[in-house]
Amino acid sequence: MKLSLTIDQVASLTEAVSVEGEAEARSRVLMGIAALADASAEDLSFLANPRYVEELASSRAGAVLVATDHPGKPLAGQVYIRVTKPSYALALVCAAIEARLWPRPAAGIHPTASIDPKARVDATASIGPGCTIMADATIGAHAVLEAQCHIGIGARIGSESWLKPRATVSDYCIVGSRCRLQSGVVIGSDGFGYEPVGERIERIPQIGNVELEDDVEVGANTTLDRARFSRTVIGRGTKIDNLVQIAHNVRIGRQCLIAAQVGVAGSTVMGDGCVLGGQAGVSGHLQLGDRVKLGAQAGLFEDVPADGFMNGTPAMPFGLERRVAVLARRLPDLFKKVDSLAAALDSVRKSAP
Amino acid sequence: MKLSLTIDQVASLTEAVSVEGEAEARSRVLMGIAALADASAEDLSFLANPRYVEELASSRAGAVLVATDHPGKPLAGQVYIRVTKPSYALALVCAAIEARLWPRPAAGIHPTASIDPKARVDATASIGPGCTIMADATIGAHAVLEAQCHIGIGARIGSESWLKPRATVSDYCIVGSRCRLQSGVVIGSDGFGYEPVGERIERIPQIGNVELEDDVEVGANTTLDRARFSRTVIGRGTKIDNLVQIAHNVRIGRQCLIAAQVGVAGSTVMGDGCVLGGQAGVSGHLQLGDRVKLGAQAGLFEDVPADGFMNGTPAMPFGLERRVAVLARRLPDLFKKVDSLAAALDSVRKSAP
Amino acid sequence: MKLSLTIDQVASLTEAVSVEGEAEARSRVLMGIAALADASAEDLSFLANPRYVEELASSRAGAVLVATDHPGKPLAGQVYIRVTKPSYALALVCAAIEARLWPRPAAGIHPTASIDPKARVDATASIGPGCTIMADATIGAHAVLEAQCHIGIGARIGSESWLKPRATVSDYCIVGSRCRLQSGVVIGSDGFGYEPVGERIERIPQIGNVELEDDVEVGANTTLDRARFSRTVIGRGTKIDNLVQIAHNVRIGRQCLIAAQVGVAGSTVMGDGCVLGGQAGVSGHLQLGDRVKLGAQAGLFEDVPADGFMNGTPAMPFGLERRVAVLARRLPDLFKKVDSLAAALDSVRKSAP
């Protein structure tokens, strides 16, 4: 996909303060976005982090978004587009491209979609090919369901939510407004609840649902289990990455960030603004306060008060874990040192009168 | 979803021994199920664990399932429904609700399903919208395939098995009777088998299948690889949670419980009644006896005899791992102590004659 | 599925040097392939690893692929098929079976597939039931899309690539030639990019794509995120197992092997021939040289030069990690030893004059 934006168009999109460079360079059409080290004369690049100043000095980028107070000057044939905040300016360019790459599909229902007569689909919603929408489901205004999405019995999709191909919202689950579900998401699988009954393992019925509040985003092939009863809840504005597992009756607060392959076991309750690193695991029935952080691959088995930062398996406070990790690498030395101490002490005792 | 059950109906469902409370309270219609701390006057709650006796004292639940020998009395406006085992009574109520929420779909094939003429679908089976069933596949009596399931060439689905939307059973795989597959399950993906041939990595053909014995349940987006040759086997009654990976030629025994995000590498053989904690990993070509337990996030690299309980990475016996984990947190102290011992010894030696 | 191959047919397929055994045994039809210990008189088995010589002595296999220089003789009623390399000979038999189990589907588009009029599908490609192919997508010569695959806007599938049921290649992504995608794969989900803006977390548009070079294979339910801008790249010949997460802007070299449930965070760059063990995690913005190895469940947080082998969390060089792991199990002894040293030193000091 090509940018095909003139430098003037980029300057306008980014509300640039000024544009510097030779006239010929300024007439260039930019075809792509690239990091400073990778960019060619047809690319737009950016200096958002002072760490990359040296890469700027040798970058072949045709145009660079730089801060208004950046002291340098463009190289020959290069253009500087000066903006108040380069990272935000870049996001504005990307958003413009995104709108071009993914225009909102036209309202209406694709002829290959299968809609139960008792489902209610808003006339402004867009339902893609191969979608299946079951009885009593509700699809809100301006919602987009791309190809092969499945919406179960009595499930509700809020207004302006966007479901990528093959997202599944199972029976009776609720998705708020402006949510975004990636491909392969499963919302409302059964909770994993079993009880030994004699020689058999009996399934405990899982009759609750999952509720996503507004502005929640869920990554590809992530699974959110329905509650045993009542609700599994993902709070407003929380973002969940790919291949994450959220078990039954978990309640996640607002504005949390949950990285890929995290697992949260049943009935754990998490506050607002928590951040879980990739592949971390949280045990069941725990209480996490607001703004708790958990490092990548950590395994948490205890409650954490607000603002706690835990790491390692089993997780301990971050500072302690860092010290333990450093000392663990020195265990071979420690064992040797203790052996030589023992030998030295032995010789002291032998030489004693 | 609403309970809409009178207290008499709940008492009848749960085979209650007695009901206590004022007449007005007893005429109430219950609308939901909730934990003691969360329940309102319209909710049914329960005391299954003595740990929650204090919550019962202040619970606003309209009705509570309590054991026959529970010494307390209902609060004003509250009802006690006395039963022999409250957790089992609750499960009976939930099962009644479940049957109402998920009535067995009518037998027959949805017009949007695509069934190969050479497939055999039992007349009592229910095939949902968008399903694809390939040549020589067999769907047993009273089986339910919800929307968008895929059944490959020559695959077999046993009687009364229930596949949630978008479950995939690939070519030649076998699913027993009364199995339950959650959305996004993939049964029969290729095993990960490659061999370096000069500069290239060549695929080793994977011509075996996967066989699920009766009463197996598999969680959302879990993947079970087909065998290189012969079979990957999941034993009768075993339950597997979401996002689990079972590699080619693995054999899992009966009545095992495998929590979310576990991975089991190729050709490992596991006995009956094993329990694997969330995110645990089991290396390939291992032998695990009956009733082996593995802690959450553990990484197992060795055989384990029957009744072994392993934890940590690399996994060691649970008791040892617990001691090591506690001592690891004390490493900063140990290093300091050894340093001061060395200094003290040094001073003893210097002061020696 | 049955082999149904005579011993002569197997000998011919494997370019056997000689066949040994009684005439009656040699007229047998082989029905399956099994390991030496499991094989019956109707099975073909093999001795590829000298470790299993003892199992050969008591194997009931009807025929065994053995090396030309294997010193033994077949048991009564058994046949030896002597070949130069038994493991390769077995792969030849398996490949013949595979071709029979999975004949290339006929070219053409299934009537239930939904193809946008602006998509270009090569006349030799095979498009299965329920597939959805969006505008401007391109499907190359002899490509196979099994049931329910989804190909997004402007996406490209190279010639002879084979997509198993329910593979998803999202908008603008590129799949090379001879690639193989297992069921549930999601190629081109949004990268996980967010920025706090006041109280809210704002999504950073993800406008890049994913590019799979030729001969790449991707396992079931694996997710590959599209780049923030530019490309996420999987190099030629690389094989990725099930449930793996590759984040935005990652670049993986050629001929790498990535085992199940691995996660690689954003912008990490990996050389050729790397091997990542199951459930390993690689942090973001790292540089890994060629042929780097990472152990199962390891967590890597630093750059690794070519040929490095890292293990543990946080990952350290393999040899060091092995020593640390052994010593960690001896921590209980070490703590005791240090305590008794302290006591002994104390008594020395007290007894000093």
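By letter and in written order, the chains are A, B and C; residue numbering begins at 1 in each of them.
Note that in this section a contact is a pair of C-beta atoms (placed from the backbone, for glycine too) under 8 Å apart; a residue touches a chain by one contact, two chains touch by 3 or more.
Please read all numbers here as calculations on a predicted model, not as lab measurements.
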item: For chain C, the least number of touch steps when starting out from chain B; value: 1
item: Type of chain A:chain C copy interface by residue overlap (half), same or different; value: different
item: Chain centre separation in whole Å, for chain C relative to chain A (CA means); value: 25
item: Set of chain C residues in contact with two or more other chains; value: 112, 130, 148, 166, 184, 221, 243, 261, 279, 313, 328, 334, 338, 341, 345, 348, 352
item: Chain C residues touching chain B - in the complex, by the definition given at the top; value: 1, 32-35, 38, 87, 91, 94-95, 97-98, 101-102, 110, 112, 128-130, 147-148, 164-166, 180, 182-184, 215, 217, 219-221, 237, 239, 241-243, 255, 257, 259-261, 278-279, 296-297, 312-313, 325, 328-329, 331-332, 334-335, 338, 341-342, 345, 348-349, 352
item: Contact footprint of chain B on chain A as seen in their complex; value: 112, 114, 130, 132, 134, 148, 150, 152, 154, 166, 168, 170-172, 184, 186, 189-190, 192, 194-195, 199-201, 203-207, 209, 221, 223, 225, 228-230, 243, 245, 247, 261, 263, 265, 279, 281, 283, 299, 301, 313-314, 316, 320, 323-324, 327-328, 330, 334, 337-338, 341, 344-345, 348, 351-352
